[in-house]
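Read the structure below first, then the notes.
Residue numbering begins at 1 within each chain, and the chains themselves are lettered A, B, C, D, E and F in the order written.
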Amino acid sequence: MKLGFVSAILPDLSLEEVVVFAAAEGFDCVELMCWPVGKAERRYAGVTHLDVAEFGADDAARVNELCAKAGVAISGLGYYPNPLSPDAAEAQVAIAHIKKVIAAAALLGVNQMNTFIGRDWTRSVDDNWPRFLEVWRPLVAYAEEQGVRIGIENCPMLFSNDEWPGGKNLAHSPAIWRRMFTDIPSASLGLNYDPSHLVWLMMDPHRPLWEFRDKLFHVHAKDVRLDGERLDDVGILATPLQYHTPKLPGLGDLDWGRFFSLLTDAGYDGPVCIEVEDRAYEGSLERRKASLVQSARYLRNYMA
Amino acid sequence: MKLGFVSAILPDLSLEEVVVFAAAEGFDCVELMCWPVGKAERRYAGVTHLDVAEFGADDAARVNELCAKAGVAISGLGYYPNPLSPDAAEAQVAIAHIKKVIAAAALLGVNQMNTFIGRDWTRSVDDNWPRFLEVWRPLVAYAEEQGVRIGIENCPMLFSNDEWPGGKNLAHSPAIWRRMFTDIPSASLGLNYDPSHLVWLMMDPHRPLWEFRDKLFHVHAKDVRLDGERLDDVGILATPLQYHTPKLPGLGDLDWGRFFSLLTDAGYDGPVCIEVEDRAYEGSLERRKASLVQSARYLRNYMA
Amino acid sequence: MKLGFVSAILPDLSLEEVVVFAAAEGFDCVELMCWPVGKAERRYAGVTHLDVAEFGADDAARVNELCAKAGVAISGLGYYPNPLSPDAAEAQVAIAHIKKVIAAAALLGVNQMNTFIGRDWTRSVDDNWPRFLEVWRPLVAYAEEQGVRIGIENCPMLFSNDEWPGGKNLAHSPAIWRRMFTDIPSASLGLNYDPSHLVWLMMDPHRPLWEFRDKLFHVHAKDVRLDGERLDDVGILATPLQYHTPKLPGLGDLDWGRFFSLLTDAGYDGPVCIEVEDRAYEGSLERRKASLVQSARYLRNYMA
Amino acid sequence: MKLGFVSAILPDLSLEEVVVFAAAEGFDCVELMCWPVGKAERRYAGVTHLDVAEFGADDAARVNELCAKAGVAISGLGYYPNPLSPDAAEAQVAIAHIKKVIAAAALLGVNQMNTFIGRDWTRSVDDNWPRFLEVWRPLVAYAEEQGVRIGIENCPMLFSNDEWPGGKNLAHSPAIWRRMFTDIPSASLGLNYDPSHLVWLMMDPHRPLWEFRDKLFHVHAKDVRLDGERLDDVGILATPLQYHTPKLPGLGDLDWGRFFSLLTDAGYDGPVCIEVEDRAYEGSLERRKASLVQSARYLRNYMA
Amino acid sequence: MKLGFVSAILPDLSLEEVVVFAAAEGFDCVELMCWPVGKAERRYAGVTHLDVAEFGADDAARVNELCAKAGVAISGLGYYPNPLSPDAAEAQVAIAHIKKVIAAAALLGVNQMNTFIGRDWTRSVDDNWPRFLEVWRPLVAYAEEQGVRIGIENCPMLFSNDEWPGGKNLAHSPAIWRRMFTDIPSASLGLNYDPSHLVWLMMDPHRPLWEFRDKLFHVHAKDVRLDGERLDDVGILATPLQYHTPKLPGLGDLDWGRFFSLLTDAGYDGPVCIEVEDRAYEGSLERRKASLVQSARYLRNYMA
Amino acid sequence: MKLGFVSAILPDLSLEEVVVFAAAEGFDCVELMCWPVGKAERRYAGVTHLDVAEFGADDAARVNELCAKAGVAISGLGYYPNPLSPDAAEAQVAIAHIKKVIAAAALLGVNQMNTFIGRDWTRSVDDNWPRFLEVWRPLVAYAEEQGVRIGIENCPMLFSNDEWPGGKNLAHSPAIWRRMFTDIPSASLGLNYDPSHLVWLMMDPHRPLWEFRDKLFHVHAKDVRLDGERLDDVGILATPLQYHTPKLPGLGDLDWGRFFSLLTDAGYDGPVCIEVEDRAYEGSLERRKASLVQSARYLRNYMA
């Protein structure tokens, strides 16, 4: 496998600085954030390490050269909006930009982009389904043409009251993935698997690794800690951050030894990108860098 | 404590038959269902063992005599509608009938009625709060006047897609109970505590017993089994019956020895009424009766 | 369900005495042992409460009258030899007598007989398979003709050095049951399910209940205790009685509440027969009777 | 085994009333308290159901007749003082009265008396040892002469500040029992085994059953609940009632199924006497009686 | 956080050698032992890496220069005597020397000194309390004047028979810390938190981190292993080393991932000093050095 | 301790290359495979890094020089055949070659060779015992003469159908080791302890460390993962690879912190050699090398 990180945690660094830092700390790869240039709509969003709006062959050559010189690969291009937003304009922007990210990935020869399915969070999974098919069938067809794989992250995007009750991303459970992959069967549609979300959703984070082994396109390494006493007070119908806390790998409830044990047996040999959303490490750029270094040191115990 | 059952499971028996059955099987008490006469709107609802619509002193005397003769007490009167329904008419019916149940409880000298707070299930707890206060302040005041205690069952009433996402009863967590009892502080407002709901809400069903010991007005004895493999597949954002199954006491995940251990230490000495919602025992009247007998035998291990 | 016991634990009582005892202690049914008259070849074998060698309609009428008068049903006829013994003569006796037990079950209208598949214990499961098919296809066909169901007990019959390494009964795991029922698909071939064997075989005793719900013909209630320190010393390659001890229900490692929880959900409504193999209760007839009474009291907590 | 209770919980009943109650509720036996007539020095002490001060053959005959008529046996005579008290006078009273209890047991043909070793609680086990030998060698010799067995209860008698730090009874751990039985090897010195004390002493309550199987003279059935949050606050150096609560059997942390599983395998066939020290059941005579009935019902699940 | 070690494990090295070793192995800081020069009274005591008896500004400048050059900080000055000893002379020496350590810490600008509250181990916590207030109010006032924080280590100092029963340090539980900080409320009095002691005291080592987050002045990283079979034999009333063994971090029962997870969320950003008391690593200077290197490697998995 | 690896995983490297790789990656030692030159009979067998067939003092000097220059020690010579094979010729080859390995170990001054006891896998332990004594008494005597210690690996060699039922190595449990060391008491016969086998044999891998501390001659670091769902399907009577998977240290069920905790307390200070049998890391030489590097990084957390 290749150890990397999600560049969103270093918004104050330029692409060059990100790549230099990655190389200096021995990372094999980076997932580059490709939000449209502009204002972030939420924490961890809105970072643009690669501006794909007008991205051409020259840009691709320049970026590839930069990476090659540093010895750091691009694990994928990341952009995580809500393409099924009930706000039609917002959805349209997301869909259009996803296509640009796909095109950029093809140009770069990375051939991997990661995103969300999206969701109208006020409606049930079933009620979202027709729109899911309508939006995603053409997107997947476009990715197939471009020879790019789309990795859907399995985060329900349900953290604040604004996202209550359904969250902004349909793809949060094995049952739903199965339905997705049955209705849009394509070698270009798979998962950007983040085991931490399954923990607070009270699901076994290991069991899907075997069933979905052909759909594991990209992996995010994030951890979470369930806070038992708070859960005892509010229960699972509360918004989830009331009873769990995102943490660095090794500081949460995941059993990373078991995770990599099953991941290796599933034949996975792709990127594992650290995703930092641990508030205790976000006070300064130095601390955010340190969080990546610490996480890498921890994960190297279980990765070749 | 007094061992009884919720009469809703015996809709085909008359009040007299219910009381005779209870006496024959050694039950100490029964919680009598008092729905308005008419069609049930959902499973386990709509049962009328006591018609409180036109309930007077004579009726009370007759019922009390019947119970006294059988040696079976009435633990409380039960009616579980949605008095905060977004359908104003439905809410109005519920509120008006709750008052009639309170009045009947006063007449009977039972002084205990059990119900739900209700909820507009499409809106958050916070968004429901103003209406909760508006509806419940007068109801509690009325109960105080009548000398009746209201026991709110802690079921979120979230089982089917129609109740998604919020369920039809606000009062499902210690955090919400605390808020309720702070905003409407009254010796007439307390809990009809059903430990089973806390299990599938992933909360400790024992911890609240000490904090809320003065609010334990009535107890329901029901059990549930979490179905791990199904939970692994759908996660806690699914509707709850996808990952848990209501069962008779002793056939679920509750630790009844520990429950009664802490309940006795909390000083509780009131009714414990078996509530049957176990589909495996609902095939016939005989089987439903047998489910009560089995549950009583099991619970007697832990109750004096 | 119907609570009963396996009559093998009362070899010193006549059929009449067994039935009278069962009635006096409130048992619903009994599984009657039907070994050929003669000397027992091992502990718990060789008991003949019903001599099926020359069993006719008159015998059946007499037995049925005896049971009807006592209000005790026959849950099944039991005979547990090794019909796949490498000793051809022994196998032949077993096969011939199984057919007589089937015929007797038909005559009695019980329509249930319980036995073992048998095994050449010196050979692997695969190496036994051709002979399994050869012996059992005609036996099952005969049972179908007679309208009798055969319940195969899932005991590996591997307790002593003489049965090492394979034991004397192939049918000990879900994987093997699946193969059996695929190769001989018949409504007359199912299981006499004893959850205790799965415990020391380190298998989940609950998981098969759903998959094999149509094959649950009869249930044995026995418990076992794993003896951890002895297991630490000898490991699972030792003969099993070196690390586990058969016990009465409630005195072992089984979670009977969970077992009956899943059994009821699987729709099982047949007999549950206590099988006593607890040496601590075998010192006298009185003690063996007491073991049945204690076990029944315990199991009634979980059974209607 | 024989199910009974410790008579200390019924101080307001006369011997006759105790025996009548025992018979009415189906108990097999009772352990009769034999404190010197006078004022109790602590909770649960000072009860005199048998005044052994001037106990002669006539008294024995009268008591035996009473018991025989009721069909209730005396499981043992109980008196639990501190014969190693640093107060020489107190110790002397204890020693002299223990001898009278032994004599009475011999006269009654019960041949079992239960008591404590005692301890100077301000001194270590080692520092108490010489005095233990000096006091107990003659006591055991006397018991041998009388043909009476002494069952030492394994309670450390460390509950209040007055008993801090060592408690008033040396005999609280397997290591100490081993030393006791090595230094005073006698068939008249054994244990009155109460598994509940091992729970809060953080010891396995099952492990000693096999090693000390020849020393199990009498068993007390009491349970305790560890209160985790309180323990988290004060730790094991606090006085023990700060972090645990004595409860009825089935309402604490003991696994009674496992306890009886190992007790039967250890060959124990003597009395099991319920000892009630559960404050939640001590409010009235009726409630204390009910606590015995409830406990018996629970324990009968595991006892023949 | 800053990773360091307690210098007591390197008594054979001079201050210079300690600092050089720390730098060479990448440690950020060291807690320097400041016992009065002379003979050690017990294992791990009596080490003098800084002689504070006659410590002046010049000494401070010299030490600070040494550390600055090596790039190793002083996390605090350590001296762990019994200032509440029943031996008045011993107590007086301790109190006087604690003041000298405080003064030296102020001169060095370290502003952190670590010690014990002390205890008359033959008396209860309550009985020690008046003397605690008498001794510690002036000490804390002095520390406030000097601008130095005192970190009280939470070790009960109860390891040998000589320290039985109460140990030589009152401050061993959250309940006692709460009382200390209520009775002497001062920003100069806090904790030198060692999670390992809570393990064998059967307390949750994580729970206090949030409540006492403002009192976490310094952290010791030591681990312990509970030895279950020995505990089963002697119980918690035995001296603690009979049932637990101090070990290096990672070789004991602590969950360091969870510890650092909660420590970071509590906002702690101070020193974490490895304290070695693992007999298996004390055979030689080389081995003791290696124990620090191993522990640091392990802890770096969880620390930035 | 000294960290090394078993050279069998690098069959494509020459001795020189193995030693150079070990040095480059910081390993302290290597266990060198010494199979007779020829074709491997099974996976992981047949590797010859040292050809001991004609091994003389010159060879020893050359090898020692090579190792000394690289700074890598030889932890032992390894050869794992079946010297108790029912095939007399195979057994004879094994015995003769074991003696050559012993002689080579003596010449090299390594004085440690590791092997299997062997077994006729079709016969019970008891039935193999006479032959065990006959073969091994002279072998141990020869080792004593040569001053070499034989470390018996505790693998049952039971992985495929060909090895069913008994496996090809008797020495798989503490009970059998005890018998071995009693019947052949010699300072030259001990264990090459691999904790992973005890895991799937359902034994505590830590408990033997204290009892057999004088017999721990060499340690293999391998891990295994029990696959619960597969075990639920086949049970422990299946061949073991149906329900468990060998994995790198840290990717299995072993608790390495606890293992090294008890190993250090047992006084072990010898070699710990990583043994790779993890199929997920065997695809290429590069990956096999990486597996050793990853395992070493993981184990260094717990080793000085």
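The rule is short, and it goes like this: contacts are C-beta pairs under 8 Å (C-beta built on N, C-alpha and C of every residue); 3 or more make two chains touch, one makes a residue touch a chain.
Quick caveat, the model's predicted, so the values are computed rather than measured.
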| Neighbouring chains common to chain B and chain E, by label | A, D
| task | Return the chain pair with more inter-chain C-beta contacts, choosing between C-D and D-E. | result | D-E
| task | Going by C-alpha centroids, which chain is farthest from chain D? Tell me that one. | result | A
| task | Between chain A and chain E, tell me the centre distance in angstrom, where each centre is the average of that chain's C-alpha atoms. | result | 43
| task | State, to the nearest whole Å, the distance from the C-alpha centre of chain C to the C-alpha centre of chain E. | result | 64
| message | Please tell me the distance, in whole Å, between the geometric centres of chain D and chain F computed from their C-alpha atoms. | response | 54
| note | In chain C, the residues touching two or more other chains are 301
| Does the chain-touch network form a line, ring, star, complete graph or other? | other
| field | Full enumeration of touching chain pairs | value | A-B, A-E, A-F, B-C, B-D, C-D, C-F, D-E, E-F
| remark: Within their complex, chain C touches chain D through residues 225, 245, 247, 250-252, 278-281, 287, 290-291, 293-294, 297-298, 301
| query | In the complex formed with chain E, which residues of chain D make contact? | reply | 124, 126, 156, 158, 161, 164-167, 172-175, 198, 201-204, 207, 228, 231-238
| field | Residues on chain C engaged by chain B in the complex (per definition of touch) | value | 257-258, 260-262, 264-265, 267, 300-304
